[in-house]
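Look at the two complexes coming up: chain A is in both, with chain B in one and chain C in the other.
Entry: the complex of A and B
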């Protein structure tokens, strides 16, 4: 076997430039595949974290809430009781939210907006403030007078910090109307969301529209990678059984099915690209091996005449192909891993996709990272390329007749 | 030759007589009937939902055209609110806020106090302003108009089909279609009062066709037509103080 290996290795380097070019092509395919897979992993994790931060990993809602349109039909009564019940079953952080469609007005202008009253755990509140607050403060827990508006909404209403804000929420179950003071301005990646967002404390929203109720309770688990999401299924099934009648528990995938569909499409798309890279690289490997065989036809005839069987010849050709591919994989893999390590500290693509990225929940900073199966997938592609590229030349070589081969002239 | 010429003249004469129905004029006549000229009335809204029923009592004063003012009298929870429409401008007064707020144009099709009515249904001539009519079908007793939204019209609907009886173009039914062509809302008119040559429907039922059991019936009572409504009624001051 060692003799066969050394013979194959020597054969490869007979035409140094051609072999180097082939190794380079395989190295490029491996490099791009690793880079794409790590980029995909980073995007997946980024979108996953952005999305789950805004809607939670799991969400308690009124059953059939999508078909219900009236505000009162969307309410979870005794929200604090439901939240306390969930607290006994899970350690996940919980956010109680009440969404109220309302008319929001300043002294001269008004706009329709979605008012959100919520109660977040302190660390989540601090993160929200860090990410979204641009001026002032967020209404404190239990604050009945302060309101924070999206910067675009405040601009449209010609409001500044400290100005009075009038909220009119007809058809609700609370006071239905109230005056607040603008205490904070918020920025969101999606400009349309910023132009219709208003934030109150949960207590203020409940007083305005639905005492004691909420429209959703979010459960946030300490998952930071999309791969951890697989743990969610059993937890969801277990918690759903504990909920009272009329309530449903949905995962973020069920809440945002369009984004979940994008997630399902990302990996196959990258694998199709990887297959194309390796297909092109494979053609170069095939070309190299076949040309090398043509040039050595007479030599192969002698080898066969000396007693080498078709299996040995096939092995030699396959080995040459695998050596070319594995050398390329080594170089490309090394360069890929070094690049990924260098960029794992994070880089921004905001200049590339601008505000549109925020609309789709794309992360502002990309942290390249590889998932457990990314390296085996790439190596598998390289190995398969080597084997497939060698298949036809190996068959040609194995079927050589010694006398004819020794008479062969290219 | 002369006979052929006579026949041609007859045919040409028949054409214009069928096409003479001016859809815009028909729509104007329908809206005139629907609004009934200047009016003062009590309006009772019976809001029906699968699991509950709510009643609102309103006082309305309208010049029958583009100006109307509505005060909410009952239930106590909603009482004191008032709505003023002058042309495209809708303003509302809320006693809790003690303020007048202006409703943005996009809010005109929003639900009025949780009912199936929109702010546009209460007053104004949006059907004429926002839609281009076309005669879809016509018989001796009935005419059907198809109304398509004008460009930039602040309406969520893709098409309306209005049915009126002849003569007089008395409104019978309006079907609202969404942008995909699905019927989503139906307004039915009944119990007409004869007012100076107009047939004013005193009972209007609005049905949500997407949600069975969601219906709002609007019944006019104590109505008085043709009264001169003072100009002071259509002012912001009247929202709070009345007129």
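Entry: the complex of A and C
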């Protein structure tokens, strides 16, 4: 025995090929939207992880450091004391970093570089080594003799592992100049960064340029972009109160406002694309529903004559549209989820964007994954498409005069 | 006795652009409960128009339509639909069954619109099909039925809903004489057995021979 739902289902399959095309269009829209959402989500996650790994989730700096030009004005004195104070308030991993503008020279060549001395917790150090070290080792904690260089910088200076490296840091508060031995070569996605990167232990950098000081203290939380990043705000507010005068605490968004702005644009961008996909699919649904109604005008006239009110006729038309769209959503959603699951192990995009991606902090490997709201958003689009596409045909059908409709010949 | 259907000074003018074609001109008519009435007349005399106006399927240009003592010609679209659903049954010349539904589902269609539970509507629809000798064809679709069988399913659809009045527009026009006659006998039996009021538009002499009353229309008026 039938009901209005099964009648609508049978109606949409009267023209099998036409309905299949429409279902296919909705399925494609759902598939692309899900895939696109998961792809951009993965990109955003990757950029977020890269960025927070290099600058931290929160960062202690000297207040107004952006306007300051002198090296000495950028220094946080007694960095170890500030770090110890933070350690009492948070479980976050802490990195003390001293950035020193320096001239780095080999036997025959020299280059300007940004020398970084830092002290990372062991697990972060291990991750850094795994991701960036291509040869040799990273200067150990307290090592006053070893230096690691970006391999592009080492190449430019014609240096190999074991060669002496001379560093000049004029205008700083330490020794100002020192000789080290090249112990490691590093690789970075951004070739420009690789050509100006030099790494010392924190102790070595402080001895060279600013004893006891740092230019920043990073706080690293085990946060992911979508689940926990929102927790940063309250933590930042609470920790900022504990800092001494002259220091500020910035989030990664404040440290890298351009990236934060890109993130803010990504979701609306996805939604605009999704609206376009579904807009096109919606036109096909509208066409199918309208043609189907036009062919059944006489039949609809009979249904109205038998006593179906405008609301019942509207419901029948909307049901047909929703059934088309939900069939498409089921097919497209299934294919989309299968594809995402198949690619969730990660795939490299290096061939696609090459070295350019590194400049923008794009991840080399993408791990497709869906956020909690991606599926409801996509299904919501499919549902809205069904409703919007049915709106006009439903109005036309509901306004049919039975006698006129029964006389209608297509 | 209070008429179940009544029209007073009923007129209908069809207008196409600036051309006006009068279909009914001041018709007055009363139908009593249980009557088996035929609206007869040549093509274009206004039979179908009168039937449509009495059934709330169309709106008059002037005049009044009363159903069971209630004036219905000013009803809204929704109220008219409700009125048709709960009070009237229709049988059309071209059967007008829904092709994707079986005979049983077609017969139960009005009951589905009324929101009756599945079992109740299936039982009523089956009974109506049985009355018309169509029980064995209950699970066939319209394209698997002959014209006469389809028309009997259409009558079963009207009958299953147990309306007060069944309005039939040339119900035998597309049937051969044997099938048409059999259908007329069925309708007559139902009228006598269940007291349902029937009003037909027809120019089929076989049907006219079997009705209680013939209302003859000529040029949109009731002939003297």
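The rule is short, and it goes like this: the second predicted complex is superposed on the first by the 404 of 410 C-alpha atoms of A that agree within 3 Å, B and C clash if a C-alpha of one lies under 4 Å from a C-alpha of the other, contacts with A are read in each partner's own complex, and residues count from 1 in each chain.
Assume a contact is a pair of C-beta atoms (placed from the backbone, for glycine too) under 8 Å apart; a residue touches a chain by one contact, two chains touch by 3 or more.
Note that this is a predicted model, so its numbers are computed, not measured.
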When chain B and chain C are modelled together on chain A, clash or fit: fit
Inter-chain angle, chain B to chain C through the CA centre of chain A, in degrees rounded to a multiple of 10: 140
Touched partner set for A:262, first chain B, second chain C, both or neither: neither
First (chain B), second (chain C), both or neither touched by A:349: neither
First (chain B), second (chain C), both or neither touched by A:375: neither
Which of chain B and chain C A:3 touches, first, second, both or neither: second
First (chain B), second (chain C), both or neither touched by A:402: second
Partner chain in contact with A:275 - chain B first, chain C second, else both or neither: neither
Partner chain in contact with A:112 - chain B first, chain C second, else both or neither: first
First, second, both or neither for A:166, with chain B first and chain C second: first
Touch count on chain A, higher of chain B and chain C: C
Minimum C-alpha separation between chain B and chain C after superposing on chain A, in Å: 72
Where chain A meets both chain C and chain B, residue numbers: none
Chain B residues within the chain A interface of the complex: 49, 77-78, 81, 92, 94, 96-97, 99, 101-104, 106-107, 110-114, 211
Chain A residues within the chain B interface of the complex: 69-71, 103, 105, 109-112, 166, 168, 170-171, 175-179
List of chain C residues in touch with chain A within their complex: 52, 55, 57-58, 77-78, 81-82, 84-86, 88, 90, 92, 96, 98-101, 104-105, 108-110, 112-114, 118, 121-122, 157
Chain C contact footprint on chain A (complex, rising order): 1-4, 7, 10-11, 14, 298-299, 302-312, 401-403, 406
